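Each of the next two complexes has chain A plus one other chain: chain B in the first, chain C in the second.
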Partner chain A sequence: MGIKRGVSFYSYQQTQFFKQMNWKDMIREVHDNLKTDGVEIVDEAIIKKYPFATDEFVFDWNNEIARFNMNPVTMDVYLDVHQFRDHIMNHREAAERLKNDIKLASKLGFKNVRCLCLVPTEVIEMALSTAEKYDIKIGKEIHAPLPIKPGLSHEKIDPVLDPRMVDQMIELIERTGTKHAGLVPDFGIFQHSPTKLAIDYYKRQYSSEMIEFILDKGKENTVEEVLKMMDKKYPNHGMNFMTLGAIIMKESSARPEDIKDIIPYIVSIHGKFYHMTEVAGQLGQYEDQAIEYEKPIQYLVENGFDGYINSEFEGQRYCQDLDKVQMIDEVEQVRRHHEMLTRLIRKYEK
Partner chain B sequence: MFDRFLIRENSLENTKEDGQCTGFKFSVRIADYRGCFLSLHNGYYVKCDDVEYPVSIQRFEINGKEPRNFEEIKKAVWEHWDYDDEGVLWIEKDGGLEPGMHKIELQQSILAQYGYMPWDQEWLENPPVPGKGLGAGKNTTVSQFNLELK
Partner chain C sequence: MFPKQMFDKNSFKNVNENGKIIGFSFDMKIQYYRGITLSIIRNIEVEVDEKSYPRDSILFTVNNETFTLDEMRTVISNRWLFGQYARVTVLCENGLSQGQHHIKCIQTIAPSYMPFQIVGPGELDFEIQEDM
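So, the complex of A and B:
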């Protein structure tokens, strides 16, 4: 019972890119150094010849999981609607991809698949019978800038996401009575201020002056308003809505207390983070200064959440324009994240 | 993502077919944290020494097969470019490149998405021309490389 720790191998994407670690090394890192068993993967990063995993890969994976007594928690699955190039995939085809991903997840011993917040609820409903047959839960991700509950002032931050997504999923679960659908909250929804790594990156990518302009105008204006000012002052700025929203962030997209009400629906949690730095005056203790972790963990513990928080490190992408030596150490960042998770979970678990 | 590491250093070579030097090639990785269905791969914006080489004269070598042009790649709807794998981009240029240093500017286009988007119909009918950030996935800027051809 209680909160368990795990790692999404998404966190080690750069280490994998440079071939410094493969998935077996990642399992060893979680087992030997983080002293835990939760494992999450991105299907298209780990499974050779996706979507047709070979028998050899499946056996090799299951053997390694058995060898170290690990727990495959969640497999992250995707939806690329342009796959066929001669037509846009329709909802029935999208459901076929999801069903195949569910079967793959089952072969690899996972309990859940994480599907993206832009996957239509209808597609999930079409895949439910497969999820039930294979005993896999489909967890829809609550990713920033989505709220948990609609009604926040800045909810129209994104042109395609529907702020009622959580309610739509709960409606589906209640209406069908399924035990095989739920939610995957991502801690990015509790990010309340821009991460310094990202600001520095955008200053290098665009210009310091333009980013300062955005930060300044962002204090008093909405994303739409700043975008209009940018179009006027920097006609070829090339910055999109999401990036701009991340730079002028003033409050989190979800309120920490809102997590209490969705606990029964949570399949697993993405422990999103960007940069773990040492807490001032606390040697060996770490925090992400841009993301609220303590309150959500307190609410999860107090309200009896029983499941995994899987670390999802994403700060590496803000250093990949630099020399290799200046890039960020993913393994160390995840270790620091687990120091924080362990400390906060213990603090509230009495 | 991986801005400076999309082309492998020391991979620039001239291509020889039937005894003729037909162009040049270099090895590339995927600018993302996951692989993709090969059909989603939509070519490159490539400039070498300030000369642009359009998608129509590019070919892509992957999965142990002969290099294919991007009309053929578009049809590879059940083939996957795995995240760990390097592909080779072939560019047609009579006589290839001179030995020495070359400045290469690159942007990759992969039509990977997280679901349905407002521009889907447009991309189906008129796929984005690489180079302007549309369809460039997680790396929307043009990356620069100085590579030596030995």
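So, the complex of A and C:
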């Protein structure tokens, strides 16, 4: 019972890119150094023959999981709807793909698949019978800039996401009575301010002066208003609304207290983070200064959440324009994240 | 993602076919955090020393299969894996001269869920050494 710790191997993507670690090394790191058992993968980063898995891979994976007594929690699945160039996948095709991914997850011992927040609820409903047959939960991700409950001011940042997504999933679950669908909140929804790594990165990519202009105008204006000012002052700025939204972030996309009401529907949680730095005056204790972790963990513990928070480190992307020696150490960042998770969970579990 | 590290610096070479130089080639990794089927690749643009090469002069080789960019549009049975080098061959008479060059290469891909295509540019100084 309680909050358990795990890692999405997405966190080690740079290490994988440079061939410094493969998935077996990642399992060893989680087991030996993080002293926990939760494992999450991005299917298309780990399974070479996706959308299939060879018998050899299935055997190798399950053997390694058994060897270290690990727990494959969630497999992150995608729907590349543009992959057939003569047409965009229709909902029936998308559901077939999701059913395939569910079977694949089952072969590898996973309990859940995480699908993206843009996957239509109808597609999930069409795959439910397969999910039930294989006893796999389909978790729809609550990813920033989505809220948990609609009605917050920043909702227009993204033109395609529906702020009522959570309600639509709960409606599906209540209407069908299924125990095989739910939600995967991503801690990015509790990010309340821009991460310094990102600001520094955008200053290098664009110009310090332009980023300072955005930060300054962003204090008093919305993303749309700042975009208009940018179009006028920097006609060729080339910045999209998502990047702009990340730079002038003033509040989180979801309120921490809103997580209390969705706990029964949570399949697993993405512990998104960008940069773990030492807490002032606290040697060996770490925090992400841009993301609220303490309150959501408090609410999760107090309201009886029983499941995994899987670290999802994403700060590496803000250092990858630099020389290799200046890039950020993913393994160390995840270790720091687990120091924080362990400390906060203990604090409220008493 | 990795504008400098996407290339294998030691892979740049002229391509010799039957004693004749028919172009040059280099190896690169995908600028994304996962693999994709080849049909997801929308474009690969190559510019060396500010000279850009036409789309139909570019060949893409991965997992022992070679395609033009147009042929790749419908290839769903071959995947460019995360972290895997694919070979780009640029067909051009006489290839590149020996010595130092500068490449700009842009990968454009269309994975499922972003409201825009993902453009991954990279640049590198490299050297073409004496033909073997």
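Operating definition for what follows: the second predicted complex is superposed on the first by the 350 of 350 C-alpha atoms of A that agree within 3 Å, B and C clash if a C-alpha of one lies under 4 Å from a C-alpha of the other, contacts with A are read in each partner's own complex, and residues count from 1 in each chain.
One rule holds in what follows: a residue touches a chain if its C-beta (ideal position, glycine included) is under 8 Å from a C-beta of that chain, and two chains touch if they have at least 3 such contacts.
All values derive from a computational prediction rather than experimental measurement.
*Asks:* For the three-chain model obtained by superposing on chain A, do chain B and chain C clash or fit?
*Replies:* When both complexes are placed onto chain A, chain B and chain C end up clashing with one another.
*Asks:* Check the residue A:Gly109 against both partner chains and state whether it touches chain B (first), chain C (second), both, or neither.
*Replies:* After superposing on A, A:Gly109 lies clear of both chain B and chain C.
*Asks:* In the superposed arrangement, which partner chain does A:Tyr78 touch: chain B (first), chain C (second), both, or neither?
*Replies:* After superposition on chain A, A:Tyr78 lies in contact with both partners, chain B and chain C.
*Asks:* Under the stated touch criterion, which partner chain does A:Phe17 make contact with: chain B (first), chain C (second), both, or neither?
*Replies:* So A:Phe17 meets both chain B and chain C here.
*Asks:* Using the touch definition from the top, say if A:Gln205 reaches chain B (first), chain C (second), both or neither.
*Replies:* first
*Asks:* More residues of chain A are touched by which chain, chain B or chain C?
*Replies:* The partner that reaches more residues of chain A in the superposed model: B.
*Asks:* Quick check on the superposed pair: does A:His87 touch chain B, chain C, both, or neither? Answer first, second, both or neither.
*Replies:* first
*Asks:* Which chain A residues are contacted by chain C in one complex and by chain B in the other?
*Replies:* 10, 13, 16-19, 42, 44-45, 48-50, 78-86, 116, 118, 159-160, 240, 317, 320-321
*Asks:* Enumerate the contact residues on chain A facing chain C in the complex.
*Replies:* Where chain A meets chain C, its residues are 10, 13, 16-19, 42, 44-45, 48-50, 78-86, 116, 118, 158-160, 240, 317, 320-321, 323-324.
*Asks:* Can you list the chain A residues touching chain B in their complex?
*Replies:* 10, 13-14, 16-19, 22, 42-46, 48-51, 78-88, 116-120, 159-160, 205, 238, 240, 317, 320-322
*Asks:* How about chain B: which of its residues touch chain A in the complex?
*Replies:* 1-5, 29, 33-37, 39-40, 74-75, 77, 80, 82-84, 111-118, 120-121, 123-124, 133, 138, 140-141
*Asks:* Given the complex with chain A, which residues does chain C contribute to the contact?
*Replies:* 1-5, 29, 33-37, 39-40, 73-74, 76, 79, 81-83, 110-113, 115-116
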